[in-house]
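Some structures to go through are shown next.
Across the two complexes that follow, chain A remains constant while its partner is chain B and subsequently chain C.
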Partner chain A sequence: MKKQGFLHEFKKNRTLFFMVLPMMILVLVLSYLPMSGLVLAFKNYRFDLGVFGSDWNGLENFRYLFVSGTGWNITKNTIVYNLINLVTSQGLAILVAIVISELSGKVFKRITQSVIFLPYFISWVIVGTFIFNIFNYETGVMNNVLKTFGMDPVNVYSIPGVWPWIICIFNAWKWVGYNSIIYIAAITNIDTECYEACDIDGANIFQKIWYITLPSMKPTIITMVLLQIGRILRGDFEMFYQIVGNNGQLFDKTDVIDTYVFRSLLTNSNLGMTAAATLYQSVLCFIIIMVVNHIVKKVEADYALF
Partner chain B sequence: MSNMATINSNKIKLTKSRIVFNIISYLLLIALSLACLLPFIMLISGSFTSEQVIRFEGYSILPKDFTLEAYEVVFQNPEQIFRAYGVSIFVAVVGTILGLFFLTMTAYVISRKDFKYRNVISFYFYFTTLFNGGMVCTYIFYIQYLHLKDNLLALILPLMMNVFYLLIMRSFVTSIPPALIESAKIDGAGEFRIFLQIILPLLKSGLATIGLFLTLGYWNDWYNAMLYINSEEKYPLQYMLYNMLQKQEAMAQIASQAGMSVENLPTNALKLAMAVVATGPIILLYPFVQKYFVKGITIGSVKG
Partner chain C sequence: MKKRFAKIAALLCALTMAASVVTSCGSKDDNSGTSGAKTGELDTSKEVELSIYVIGDRPAKQDEVEENYNKLFKEKLNCTVKTNYLSWAEYRNKYPLLFSSGEKFDMAYAASWLNFYSLAQKGAFMNLDELWPTYAPKNFAQQSETAKEQATVDGHYYGIPSLYKTYSAYGPIYRTDILEGTDWDGKMENLEDYETYLSYVKKEAPEMQPLSIVQEGAEIDELFMQERGLYPVKGALGDFLWLDPTESNPKIFTYYDYEETPEFLELVNRWNEAGYFSKSALSNTDTTEVENGKAASRIKNMGTYEGAHIQHPDWGFKFANFVSDVSYSSFMQDAFVISNTSENPERALAWYDLITSDEEAFRTWNYGIEGKSYQIVDGQVEKLNLEEYEENPLWTARTPGLFLRVFGSPADIPEMEASYDEHIKEDQGCQKFRAFNIDTSKVETEYAACINVHQQYWWPLELGYTDPVEGLKEYQQKMEAAGVDKVIEEFQRQLDEYLKNK
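And then the complex of A and B:
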């Protein structure tokens, strides 16, 4: 019965089927087929035997990943960074969106909005250049400024503790323009009558923001948070790699799952263990987003992602 | 009378809080704007500073002197940089055109209400954002089974499809009244012809928006080049820059091409000058294209 349904539909809309086919094949080849490589997580990979020819070794790779301590450390780092980045970058974007929507100077607003959107347009390689320009020990701007104030230069690269801050600041910096556009769109949709009613009741600007703007932004904020939570175990590889690079001294504080995976790929060591890390990351991400979305759906169906 | 008084006092209260709010707001926005602009200013001023000054005094926020030394080296042997520009432009143009065409066609089909499997197909695409094979499996598959090593296709194909762009495009297509499609059908036009001759011309701003997103993605990509491209003549601009920043050998090569010894090379300014040359086009185009990105992000933020 169902098959007939498909055949019927296929006959009716044959051209439409052919029109989606190219993209479907592309995604099949580039995204779905590589997933089969995840079986490596249960194998002892040898290049000469290939992905499917290598021997099985059960859960050995997972055991090794966590016994060595690496698994815990990179999981912890990934989650901590994502939580900090979630709070700081979304918080800043919400603040900026509210402020821009409330101010009246049109030219000033347009210029600042353009300027804070600028970092989104440049590649992380350029951001890496900025970092070099600011922080490098011998010639960096920061040490130069410190010297003019008569202070001793600091070698930031030997203090792992400051890197979470640097990463979090640059992350917020790069995304604030992009995210604030989303929140500004949400604010624009608020009914102006709400504000007028507020004015009549004599509320001040802070009360208006607290009682009207923020609650009206709730659906957008929840969507953004959900999207970020779905990626809580994924590190932004491009950012971490360009900011930290191959600076072994900092790995303890800055290594996330994705940079760890990349390094094993680079040195071609322990690909089985790396695949185990990837599988563990992908499966957990999938479960987390499904569970959180399910809960949100139960509480407030409109706010769910899907 | 008392009513009047409360309204008046409200007005005064309102102005006071408003002033506080405005001061905070302006300070915040100005500080943030400076934070966004300063790295660019420092980059540019560093690239115009002479090597002597950088070595002894370091980079400064505003330029202490002005010299074109670094740019002279960059353009003394422009072959390398022009080739990297060529690769980047080629990849961006081909990828954007192909991606835009197939993406729009897909978006059109999954926006058709009378197409029964549109939700299944949408989920087929969406699922890849929830679950994927990750860097290692993808890398091994691309190299061993698709033989993409050192092939420009490795730069083009992975960035052609993006679920987020697909959803934005679907919103653009949905805004076209379905009656147009119906009447074209009655006139006997085939599905593909409807798409080409009726839908595409009506999607100008959607095409511009997604086209720019795709182009920016290609232009800023260095990750795929790092994984898949071996030979230097296929390096796109961003990866060439990255390579230059990271590897001493790259500097030595530039020195030999420019007929200088590495010690005489303005290494520190050169790195920044290269970054300026690589970012230039984006900054120049930015004022004109910005509004399309704002539009795309705004549409993408509304759940479809």
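And then the complex of A and C:
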């Protein structure tokens, strides 16, 4: 068959193209157009000269990230956090989705789901206050409990090592309800005949989950994980900022690219440095996505994103 | 065919020429317009709306206040003013973006703590060399030489400093009512006395935190340094470089170069162990612990003391200044700038001149509506209905003589201020360095990295959270890696130059 050109394709599916047009315009305007701003990363930005009129200054803006070795530390932190988050929050979401779909009793099921969903609506500002009130050395809930049991109070703020876990636990708690919805939808789509067949074969509930539910969810899980990996270098700024704030004691373990850039913008309002950090973040992100997608493609081509 | 093309080309040529004639005429008109304005005559024939950005949360009834002051401004300058608030929750991100977004607005609050100098160097504000003396002559005439020098960046005026004098006086603001009836002697002259006070609070009022510290950093170190007569090179707190004003050729140094730093670290370690401040202070965001009765004292300036006293007159608040060589704080601590995108800078300056020189305009702008949001009692201003109205947060528009003391402010403040005025001599001690502005443009990368290291390693150290010996070594090592030597070298060069011209 003769290969048809784009024009032919366009003529044939005019309506479809027309339907996708608004989305394409949106992506163009919101995602591609702003990319031109990345030239800022190589410029000595001046407000009166504007983005394109300012002078070039080579890689000077990138030097800031790596002077004194901070760049490696914050890159490492960002990746470690997102990996832990990926495993804990997705794992928990899958678990919750399975439990909720196995629950019988419509009212109870709805209530459980709503309660689990609730933290999603609490802003990080408030979560940050919770955390301070739990771990605060003098008046915190945790130390009060420890004291009533006759144990010594613990100063959590002097142990930076536990903070990755604290942050990940709260992150999972906040997102689990939201993430689980997609998995619940995937479970609802599983053909009930499969379960009926299991019942006839005498499988118990765990066997049903292991042999039917989980394998059927596999494509959804892989897609979700791939999408999350795309965000791996984007620290959830709000979360880190509200939980850790300016507490220098914890920076070694909690500083991510976003918080570091934010703090430096406060001290010298150099937009070039910020743009440099963003570019660095995006390039790394791009590499990671390409690599992971390539691996998935090798293993099971159907599940790859592109 | 060819002929037709030539015709069209000729027509196009003619059209472009005609267009260029028209546009050049237009630009000529523009030129004559601005040169006419330069003579100093303000043209108020056209009504304009000026917009200003300030920092704060918009009070509930601000619309009413705006309507009220716009009546006056319309009559005097044929203009109205729209106040835009950048809320406390978002000003940090939004403020720098104001000037890069290209949005058209006329004026803004600026301040050294909002990076006035680095924004000015990067061309965010309009050059005021000619505009300021021409259109705000009354304001210009009242400015001190020091203030004008402070407003100068690369040889040009980019902002208008505040006319209001504030002092570098700093020290504990402490409650005395909780220690009444104990054998505490009430002496408060230095950090040792303060330590005694803290120990009494710990003993007599154990439910209270003796000293409130929040995550913006403790100020004990700065108090310690200033008690020893040292001057912060930046001219404001929150930095890591110091100099000794008594030397004839002062050398800039940082904490680990100072021989008394180990002694200081011992002191804070002692305080930390005794539990005078929270062990999780660096995550504490509650800045109102003292006002809420949760803590007994904090370290701040006279303004905070005044506020605390007005709020709780019966708690016996007192303030002690530990800064041994008091000077006037930078007049750029609060400032006023004209945006680069302003279309009516002349009118904006004339307006600013009006509110900083005319009593009626000053009061309607700052205090609002008489009888509703404020009243004058014995030459002091009493603010009313604070939950609906608030003083305008353009804090720089405080002209001495027009700006009134708040009703119920502590009686000892005028006395203290008089003693500082007597102490301060131009070109002596700390005051000599007040007009020195550091220029960070050449060492921007290193300076930003140092500030980051300082926050990460010094802040926990100065609260005794890390080991005083090992921690100090680590701090020094990290600062050196961040390039502190290059920063000091550059600032030293600037300082030497400044002193040569003095």
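As a working rule, the second predicted complex is superposed on the first by the 223 of 306 C-alpha atoms of A that agree within 3 Å, B and C clash if a C-alpha of one lies under 4 Å from a C-alpha of the other, contacts with A are read in each partner's own complex, and residues count from 1 in each chain.
Just so we're on the same page, a residue touches a chain if its C-beta (ideal position, glycine included) is under 8 Å from a C-beta of that chain, and two chains touch if they have at least 3 such contacts.
None of these values were measured; they are calculated from a predicted model.
Touch check for A:E138: first (chain B), second (chain C), both, or neither?
After superposing on A, A:E138 lies in contact with both chain B and chain C.
Between chain B (first) and chain C (second), which does A:F42 come into contact with in this model arrangement: first, second, both, or neither?
neither
In the superposed arrangement, does A:R63 touch chain B (first), chain C (second), both or neither?
In the superposition, A:R63 touches chain C alone.
Now for A:N247: first (chain B), second (chain C), both, or neither, which partner does it touch?
Second partner only.
Looking at chain A, does chain C or chain B touch more of its residues?
Here the partner covering more residues of chain A is B.
Go through the superposed model and pick first if A:Y280 touches only chain B, second if only chain C, both, or neither.
neither
Touch check for A:W175: first (chain B), second (chain C), both, or neither?
neither
One more residue to check, A:L265. First (chain B), second (chain C), both or neither?
both
Which positions of chain A sit in both the chain B and the chain C interface?
On chain A, the residues that contact chain B in one structure and chain C in the other are 50, 128-129, 132, 138, 140, 245, 262, 264-265, 271.
Spell out the residues on chain C that touch chain A in their complex, using ranges where they run on.
Against chain A, the touching part of chain C is residues 92-93, 96, 99-100, 102, 115, 118-119, 122-124, 209, 215-217, 275, 278-280, 282-285, 340, 440, 444-449, 451-453, 455-460, 465-466, 478, 481-483.
Note which residues of chain A are touching chain C in the complex, please.
So the residues of chain A in touch with chain C come to 45-50, 60, 63-64, 67-70, 128-129, 132, 135-138, 140, 155-158, 244-249, 251-252, 260, 262-271, 273.
In their complex, what parts of chain A are in touch with chain B?
Interface residues on chain A, with respect to chain B: 5, 9, 13, 15-16, 19-20, 22-24, 26-27, 29-38, 40, 50-51, 95-96, 99-100, 102-103, 108, 111-112, 114-126, 128-130, 132-134, 138-141, 143-145, 147, 173, 176-178, 181-182, 185-186, 199, 202, 204-206, 220, 223, 230, 237-238, 242, 245, 258, 261-262, 264-265, 271, 274-275, 278-279, 281-283, 285-286, 289, 306.
In the complex, go through chain B and note every residue touching chain A.
These residues of chain B touch chain A: 6, 10, 13-14, 16-18, 21-22, 24-26, 28-30, 32-33, 35-37, 39-40, 42-43, 46, 54-55, 57-61, 102-103, 105-106, 108-110, 112, 114-117, 121, 124-126, 128, 130-142, 144-146, 157-158, 160-161, 190-192, 195, 216, 219-223, 238-239, 241-242, 245-246, 268, 271-272, 275, 278-279, 282-283, 286-287, 290, 293-294, 297-298, 300-303.
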